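Please find the structures below.
Both of the next two complexes hold subunit A, though its partner changes from subunit B to subunit C.
On to the complex of A and B.
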């Protein structure tokens, strides 16, 4: 028994220690820092209570960042799941080359985000040699091809399209795995009873896939709420304020772009606001998406 | 069925007809999938193609193949910023981190999934909670901590961050693997006189090797591509990783307008993970779903 106890401790200690010290402790510490005015790591921090939070709700750029983030989560989410569902249905319609198509749709998930964001902002959206410009011109859409995709008024939508393209593959893979688990007999029985494809989709696939859909929506919401890399590196030199998300604005406030800013307490308050948003969105989604689980 | 086809030939033609009809109905589906996949392949292929062009060719004939393979852009990309060092930094940080992540997560996952003891559930929940914490929350408090430990902007510091933050997910994945292993083998090994450590090393770990490989691939790809933590914890001339190097390259080439060399930089960073993906795509795809559908 004592040997067993020693095994448990030696096996668990390294992981638990690192996790507590370098992950959980700083995460909790963040709540504490958010009550301070702290203008640099070597400076003394001054307790200011809730002032950082009061400033936050009056900060136009923060509100804009919050709005951008929520647009990515909800508008982006609807499109991501719509496309993922459509592609999944097509991939499951008995076509040839299913695995190859799926592998290509999933491909962006294994490429560095920094490479993808550069690919979109330069290779695809460039106003002169860009793929989109030349592709549209080649297809005869002359006026559309002259659109400046990364100009301040278009940049957010252009970025959103890229983010959607990048993420659809993961959810296609997720949905397909869920569908593979549904017993074939159900579809065969439905077909014998005269159900068409659409009826089978709404009456069998969606209800039996509900768990997977819920997991997918929650995963998407969490990852989209904390999105940082894609908007941060979408513009060269420094992120454009039109594409700020909470995480990007937090970084800018904490570390600055080209010149340091170091509003450490204020930036940390944004981190706390981000966590609270994650909690609220996840709780609400779980409520809304709760259905009776169907056993099969 | 076969006899029906023999005696009544028209059923065969009807079957062929059915197949044809089915194919015709599938055409829109094929077109959509081909459009989506074609776009992805074309965009990446276009970048690879353009990385061999001169900037003049890029601007004048953006859709044409390069007349010859020039590797000059690759040497420009490699030398415009200290790409050689960044590449080496990435190799060191990622390989050491992946090794440590597995060496630390596997025993923890083993104990949490196969040994019954008080507090086991609490610790599991604690680790799971880590998967919901967004990294940006840690930027400042963790940086302050690293600064105190004098590990800020160092490669060992970045490794500590990578390892610690990857633990929850890896423990989660590996716990899922260990749980599925049959307990008969464990019992047999104990009867044969194996100590608990030997059971782990000689029996359970080899059995869990597919899980370890999956976890290794995930962590390798995730960390090789990682950007935001490296940006906060190791963004100096000496400690940049390849992701940061690519952004630095982009900013450096922004002024000279040398886009073709930027594309060479993109190819350099994409090549290792895409190569692994081409070999292991099925395993990675099944691993992903296994991880998130538990």
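On to the complex of A and C.
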């Protein structure tokens, strides 16, 4: 028994050690520094208690960033999963070239984010030369073609559409992998009993996919809450405040973009707030999505 | 015999000592660590690489180890310095550098070095700099930054478009509006702009306030902890002037949707005719402009009843900085003195096609008007009237955001003034 314990400890030690040194310790230090006014240029920092957190509540840009982030998580999430389900059903309906279509839908996941943001902001949304403008005009939607997709009032929604497009493929693949594991006999039996496609989807596919859906929603929520690259790169030279997410605003405040703000203590408080938001969202989602797992 | 042997030994040792110490000193090279804001393959980096090679050849006891970090250089330097890493020399845009490392007390004072002679010249090195550039970010008379690249903020325009519209570079705001109308009549969208680049948009406010009230007024307003200075009628006037440019069609409506570089591209392809921006624009647009395209630049016009002169010029300087804790300030200075020779600065101007801070260097043809403006500047000031360096958070989170909303018609001029006054008071209350 003792030998077994020793073996367990030996195997667990490297990973535990790395986790403690490179994740837990920095995380605790970050939490500690969130109570300081600290520029990050030296170890000199002034203790200010909860002032950074109080400032967060009053900070309009932080509130805007939080609102944007939560919109991506919830509105974006509903659309991502809605589209992912629709495409999954379509691809499983027996169409030819299933694998090819799946690969095409997944493609944005293997392309560099900067290339995708450039494609969307320049090639698609450009107010003069964009595909969207010229395409809509060609199809006769003159009024719609004059929409300025990247103007301040539309830029966030335009970016959200691009983020959704980029992410749908991953969840399609995830759902399809889950669906592939559902025994065909269940569908055949349902067909014999006279069930239509929609009934089979709600009565067989969704219940048997529930654990995959839960994992997918949690994965989406975490990645959307901390989304950084896409909003940061969407307006190429500097991120637009209209598209700030918490992670982007954290970066602007802590690491200086064109303006040398360098408030690492405040940025750290934002990081702590982000972690807490992730924890709350994930816990709530896990509770809401908790159902009996069906074995098959 | 014994004495003879001893004497011989002493002589041999005596002869070897200078040789060996000489060898030691030759082997003891100084290593300067330089962290750069450039990416390794950029033209500016190529020139700096050649400077380093030439400097090392001329000073065999000094090696320069360069790290090409790109624009996030200062952030990386911050982390490295706080971890105790040796860095002797860094470079970055002067405004962020002044507001970052200099403000944190991590820069080496340069005043004494600047009194020394320029390389192979009989003048103090400070006299080879274009006037105003060295002192721009001085703190209590002490100079910490060594500017080497000089960008001017002006209206960069298409000379052919102006000729076609029978327009001349304007001197006053009234002339400027008239030029806009002529360009509109000739079928041009007069002014190019970007909807997402706030540090370009703010130049319209900065210049107007500098022209109306003189250099320093905007900065004083930012420093006003009550926020009441924002209610000065000049800010409402400046905001109304800005909106007037949109209302008259000088800035086309679709500009609200231009994400950089979409706006400036319209200038490059001949749709628009001018843009208020730094002198890097001709270089950025070089790949898309036609061969016959002729660049010109004029300073922001004078405002009616204003005290500021048209020669007062906003500049974006790129600077070197010696890190305070360096063990080799002399060697770092020797390198900086070396790069300031006319020959070396000319190389930067010719190969990277940028303006430089050294007097008497010919700038590239496309930015000649920038060189003229720099040479004739009646005063120079930094981004947002020098406020970016000192009040970066206020500028980024309040001034930029509110002016951008006014610029893009999300706030009326009256709302802009009110928002600035209340946001400023709120900001300073929390400090």
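Operating definition for what follows: the second predicted complex is superposed on the first by the 270 of 296 C-alpha atoms of A that agree within 3 Å, B and C clash if a C-alpha of one lies under 4 Å from a C-alpha of the other, contacts with A are read in each partner's own complex, and residues count from 1 in each chain.
Everything that follows uses one rule, which is that a residue touches a chain if its C-beta (ideal position, glycine included) is under 8 Å from a C-beta of that chain, and two chains touch if they have at least 3 such contacts.
All of these numbers come straight from a predicted model, not from anything done at the bench.
Participant: Please tell me, clash or fit, for subunit B and subunit C sharing subunit A in the overlay.
Facilitator: Clash: subunit B and subunit C overlap once superposed on subunit A.
Participant: Mind working out whether A:201 is in touch with subunit B, subunit C, both or neither, as first, second, both or neither?
Facilitator: A:201: touches no partner chain.
Participant: Using the superposition on chain A described above, determine whether A:125 touches subunit B (first), subunit C (second), both, or neither.
Facilitator: In the superposed model, A:125 contacts subunit C only, not subunit B.
Participant: One more residue to check, A:235. First (subunit B), second (subunit C), both or neither?
Facilitator: In the superposition, A:235 contacts subunit C only.
Participant: Is A:187 contacted by the first partner subunit B, the second partner subunit C, both or neither?
Facilitator: neither
Participant: Which partner does A:41 contact after superposing on A: first (subunit B), second (subunit C), both, neither?
Facilitator: both
Participant: Quick one: is A:178 in contact with subunit B, with subunit C, with both, or with neither? Answer first, second, both or neither.
Facilitator: first
Participant: Check the residue A:210 against both partner chains and state whether it touches subunit B (first), subunit C (second), both, or neither.
Facilitator: The answer is neither, since A:210 touches no partner chain.
Participant: When the two structures are overlaid on chain A, which partner does A:53 contact: first (subunit B), second (subunit C), both, or neither?
Facilitator: So A:53 meets neither subunit B nor subunit C here.
Participant: Check whether subunit B or subunit C contacts more residues of subunit A in the superposed model.
Facilitator: Larger number of subunit A residues touched: B.
Participant: Can you list the residues of subunit A that touch subunit B in one structure and subunit C in the other?
Facilitator: In subunit A, residues 41, 122, 126, 128, 236-237, 255 are touched by subunit B and also by subunit C.
Participant: Provide the residue numbers of subunit C that touch subunit A in the complex, in ascending order.
Facilitator: 72, 74-75, 78-79, 81-82, 93, 95-97, 99-101, 103-104, 106, 194-199, 253-254, 256-262, 266, 271, 388-389, 392-393, 395-397, 400-401, 404-405, 408, 410, 426, 430
Participant: Any idea which subunit A residues touch subunit B in the complex?
Facilitator: Touch list, subunit A to subunit B: 3-5, 7-8, 10-12, 14-16, 18-19, 21-27, 29-30, 33, 41, 86-87, 90-91, 93-95, 99, 101-115, 118-119, 122-124, 126, 128-131, 134, 138, 165, 170, 173-174, 176-178, 212, 215, 219, 222, 225-226, 228-229, 232-233, 236-237, 246-247, 250-251, 254-255, 264, 267-268, 270-272, 274-275, 278, 282.
Participant: Could you pull out which subunit A residues touch subunit C in their complex?
Facilitator: For subunit A paired with subunit C, touching residues are 39-43, 55, 58, 61, 121-122, 125-128, 148-155, 234-238, 240-241, 252-253, 255-263.
Participant: In the complex formed with subunit A, which residues of subunit B make contact?
Facilitator: 22, 26, 29-30, 32-33, 36-37, 39-44, 46-47, 50, 58-59, 62-63, 104-105, 107-108, 110-112, 115, 117, 123, 126-127, 129-130, 132-145, 147, 160-161, 163-165, 167-168, 171, 195-197, 200, 221, 224-225, 227-228, 231-232, 242-243, 246-247, 250-251, 254, 259, 262-263, 266, 269-270, 273-274, 276-277, 281-282, 284-286, 288-289, 292-293
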